[in-house]
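Input: structures, listed below.
First chain A sits with chain B, and in the next complex the same chain sits with chain C.
Moving on, here comes the complex of A and B:
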């Protein structure tokens, strides 16, 4: 495989992994109006959970269960769901920006735990040398990456289809009603508190799933992969792609991640070495610019939400 | 006129929806917004609740509907206590309410605003949409059919596919009525159904309320439009500064000195 094709495969694996996170956020924000600003925290729990469960036994480290990869990913999802349940019970009475502040802080706490709880997470070094699923079946890293791209793509499509079926139904109608007017929904026999908690846990479970897939691909886990900037990037993906639309979430993930990596590549090629470290700021500026332009010219995103949610009314 | 899927309790023998309000109190600090209010909205009747601004009418509605916890008293629906229930349970017991300022779900179509309502839909559990799609689809067809006939009854068919945020305020009030009807309530509490509605649409609203009442649906209505309330109501309750100051037939209430005083503020000797 040529260098470019290999790079494209690598890029798409990461972009599709993030698209699963974005679909989880879309469920929370796009459909239900939950301002989760701690996305990266649940992604991290899924990643670390999977890493601890799949990793080989090591001295001085808790875990190292050496479980099969699918079991470990499911374990990571369960851990993310449990964390979401606890966080949700504590914070979901908060509205809008207050929920955002609380979840943002929680995500930072999770990252700090990952950085400092060395016995479990390996601290700043992280956990390295994790087994990559079915790696031994493939002759070259290039062929393996092709396989992993197909694997992640299938999972992303499954998540997409499952979400589409679920939201184009009375369930999706109920989520939108909670998003639009909680008081009115409550006066019409719906229980918004229960709905918000359910959606928060479900969305965070998807973020945990993506974390597990990420670890399976890169084969290690490091606290540097779970900085708050990732939450910002995921939000950018959702806003640009189109909040309230699952296809928009995928398109936004690939598009924004494309802009991010391309601009990173451009900076490393074009900027003099002395300015490289400052150059990274250009990437953040570009994403910010993209969000502003989207909000001005296409406030509903590239693919906005459809007017009628239930497919049964057509 | 064919009742269709609309409630017709009169035909089924006997109206329900008797709402008893007993000594209900609601204080905001030192302000007694609702100060020991007692009255009964009889089943199958249209009861009007009037009074000057600040009398505590909407606060009483919010308390009865479970939206706002109150400080004392009891509320009974057909003899069963419904106070201390959250609003969504009050609703499923058969009490529906509309809001003074309409609260449609603005970025949902009129049709979906209405289809949302029936409680306990199979498709409200997301796993049913994966595991039992046939069941969900079948129920959706029933709900769609019912929603269509209620939308037609409320004169909203021309706008059923528009976003509820894009239709007129009067139409939004009709959307609220249509939503309430979807759950076959026993009693509907309307908070100023006529406010800000053009006269033609107001006639439609009055006409629909009369028709529904003939079919046995009980109403409790807050309204400032006197023509509206006088022509519609069987009984009127007048509130001022948190208390009931008069109740009776429209004619008797309108001429009661304490009512005139409450409205005009002047001393009537």
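Moving on, here comes the complex of A and C:
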């Protein structure tokens, strides 16, 4: 595999992992209007859950169960779902900005727990030496990355198809009803509180799934992976891609992550060596500028929400 | 004919798919660096980047590596592992670098190591990542030898301190440490080591920085009647803790970490209370090779190289370049296999700077051995890629900081060996 192709495979693995998180957020915000500003917290729970279940046994750690990777990922998802259930029960009565503040705080607390609960998470040093699933079967890292890309892509497609079916079902229409007018939804005999909780848990489970996939690929996890910046990156992906559209979420994830990373490559190529230490600042400005421009010229995102009217009314 | 040979060499080079450079005249070797230019470590990141560039500039001025000029590509990780990993991947796959310098934070260096450099057989050398987990990973074979770092870890420090404390006959010791990555790992390591030597740790108490008083922490540490105190701290907080320890009637026997070797600390505690104290520090903070680097830095940037990571970054770049020169080829595996050849043994000593590198190139071309003594002094990498530098043991006599003892590499290794077995 030539250099750029190998890099592209690597890039797409990470981008598609984030697209699963973005789809989870899209379900919450795009369809139901839940302002989850704690995305990274649930991503972290999925990642740490998987890492603890899949990791090798170590004397100083509680975890290290050495379970097979799929079992560990499912375990991570279950943990993320449980956390979402608890958080959801406590906070979902809050509206928009209050929910945002509460979830933001929870995500930071989760990161601090990861930093300080050394016996479980390894503290600041993280968990090392996590096995990468089926790594031994492949002769070269290039071939393995190709396999992992297919694996992540299949899961992303499955998630996409499942969400498309779900949001087009009567249940999915209910989500939009709750988002647009909760009182009206309640007057029709729907239970908005239950729907919000279901959506919150489901969306966070997807974030947990992505966390597990991330750990499987990187083979290491530390609190530094879960700084609040990631929440904003995911939000940027959703808004740029098009909130309320699952395809938009995927396009946004790939597009924004591409912008975020490849701008660095471009700058390091174009900038004279003497100015390289300024390259980082230029990159950050460029990222911000391009996101702002996208939003000015395509306020509904690259692929916005399509109008959904029941086919029976046409 | 010459032309034919050259193109033949290039053809073979392409065929085997490596970036091996024949001694063609106009060629270029890229080396990559991933550092935090923006983000939480931005305050120190760009100066560290300049230190790496200085080493590359010096080497180019001395004639380049294997007659090829060296291109230094610096990428920003924004203080985030995901960005850093991606930057490292582009350097390895697209720029084809055989060696990657970085990153600053352990949480960035480690995912780069496991997911990018080790699978691609690229050597990674960090100036600044101090986490002990790298040693664990290397000991398990997870780095396949591709990992090096040029800053000393807390492993040898803890072993030396534990050894001396045990020799002084302390049976029960309390630990107070700063609640940071550095404090937690040094204190934890010391506890493990000293318990193996048969000394009981009565209590291990963490404190948070910059508070007016640490009575609660000192009180907790005094439980169980310890005979001495091991303090991991920075001077200002350390003085507060020590004063309170003395005023509460704690025994005036202390073991101090390296950061406490400061006049302000001795003054604010009072030298008369520290007669029975000893501490540790890296012995490589002075010497001719260090001066050579300091002068070169001042010539290039007009100020003294004050700041973390500058000396270690220069050395990271320098050992990589010298290893390439020694190997005669620029591949990650060749660099890995030659780093120890140019830093240990009885070869002729090489100092940092253009003159030093010129001398090194001359000697290598004559087939003679060299030993690089860098901006941080002598570097010796152990089998896990960690440096075990020489240490000095300091104490207080007549109100002054004095050096009580010196531990060279052999003695340090012997102490570690004794504790590990």
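Some observations on this one:
The definition used in the following text is that the second predicted complex is superposed on the first by the 281 of 314 C-alpha atoms of A that agree within 3 Å, B and C clash if a C-alpha of one lies under 4 Å from a C-alpha of the other, contacts with A are read in each partner's own complex, and residues count from 1 in each chain.
Basically, contacts are C-beta pairs under 8 Å (C-beta built on N, C-alpha and C of every residue); 3 or more make two chains touch, one makes a residue touch a chain.
Model, not experiment: these values are computed from the prediction.
After overlaying the two complexes on the shared chain, residue contacts for A:203 are found with neither chain B nor chain C.
Applying the stated contact rule after C-alpha superposition, one finds that A:166 touches chain B and leaves chain C untouched.
Once chain A of one complex is fitted onto chain A of the other, the partner contacts of A:188 are limited to chain B, with no touch recorded for chain C. Which of chain B and chain C touches more residues of chain A: that partner is C. Once the two complexes are laid over each other on the shared chain, residue contacts for A:49 go to neither chain B nor chain C. Residue contacts after overlaying the shared chain place A:124 against chain C, while chain B stays out of touching range. Of the two partner chains placed by the overlay, only chain C lies in contact with A:264; chain B stays clear of it. On chain A, the surface touched by chain B in one complex and the surface touched by chain C in the other have no residue in common.
Interface residues of chain A, counted against chain B in their complex, comprise 162, 165-166, 169-171, 173-174, 176-177, 180-181, 183-191, 202, 305, 307-310, 312-313. Partner chain A is touched in their complex by these residues of chain C: 37-38, 42, 45-46, 49-50, 53, 71-76, 78-83, 85-87, 89-90, 93-94, 96, 105-108, 110-111, 114-115, 119-120, 131-133, 136-137, 140, 142, 181, 184-185.
Per the touch definition, chain B reaches chain A in the complex via residues 65, 67, 86-88, 91-92, 96-97, 99, 103-109, 111-112, 115-117, 119, 121-126, 129-130, 133, 136-137, 140-141, 143-144, 161, 163, 179, 183. Of all residues in chain A, only 3-4, 6-7, 10-11, 14, 118, 122-126, 128-129, 141, 144, 217-220, 222-225, 227, 229-230, 260-261, 264-265, 268, 273, 276-281, 283-284 touch chain C in the complex they form.
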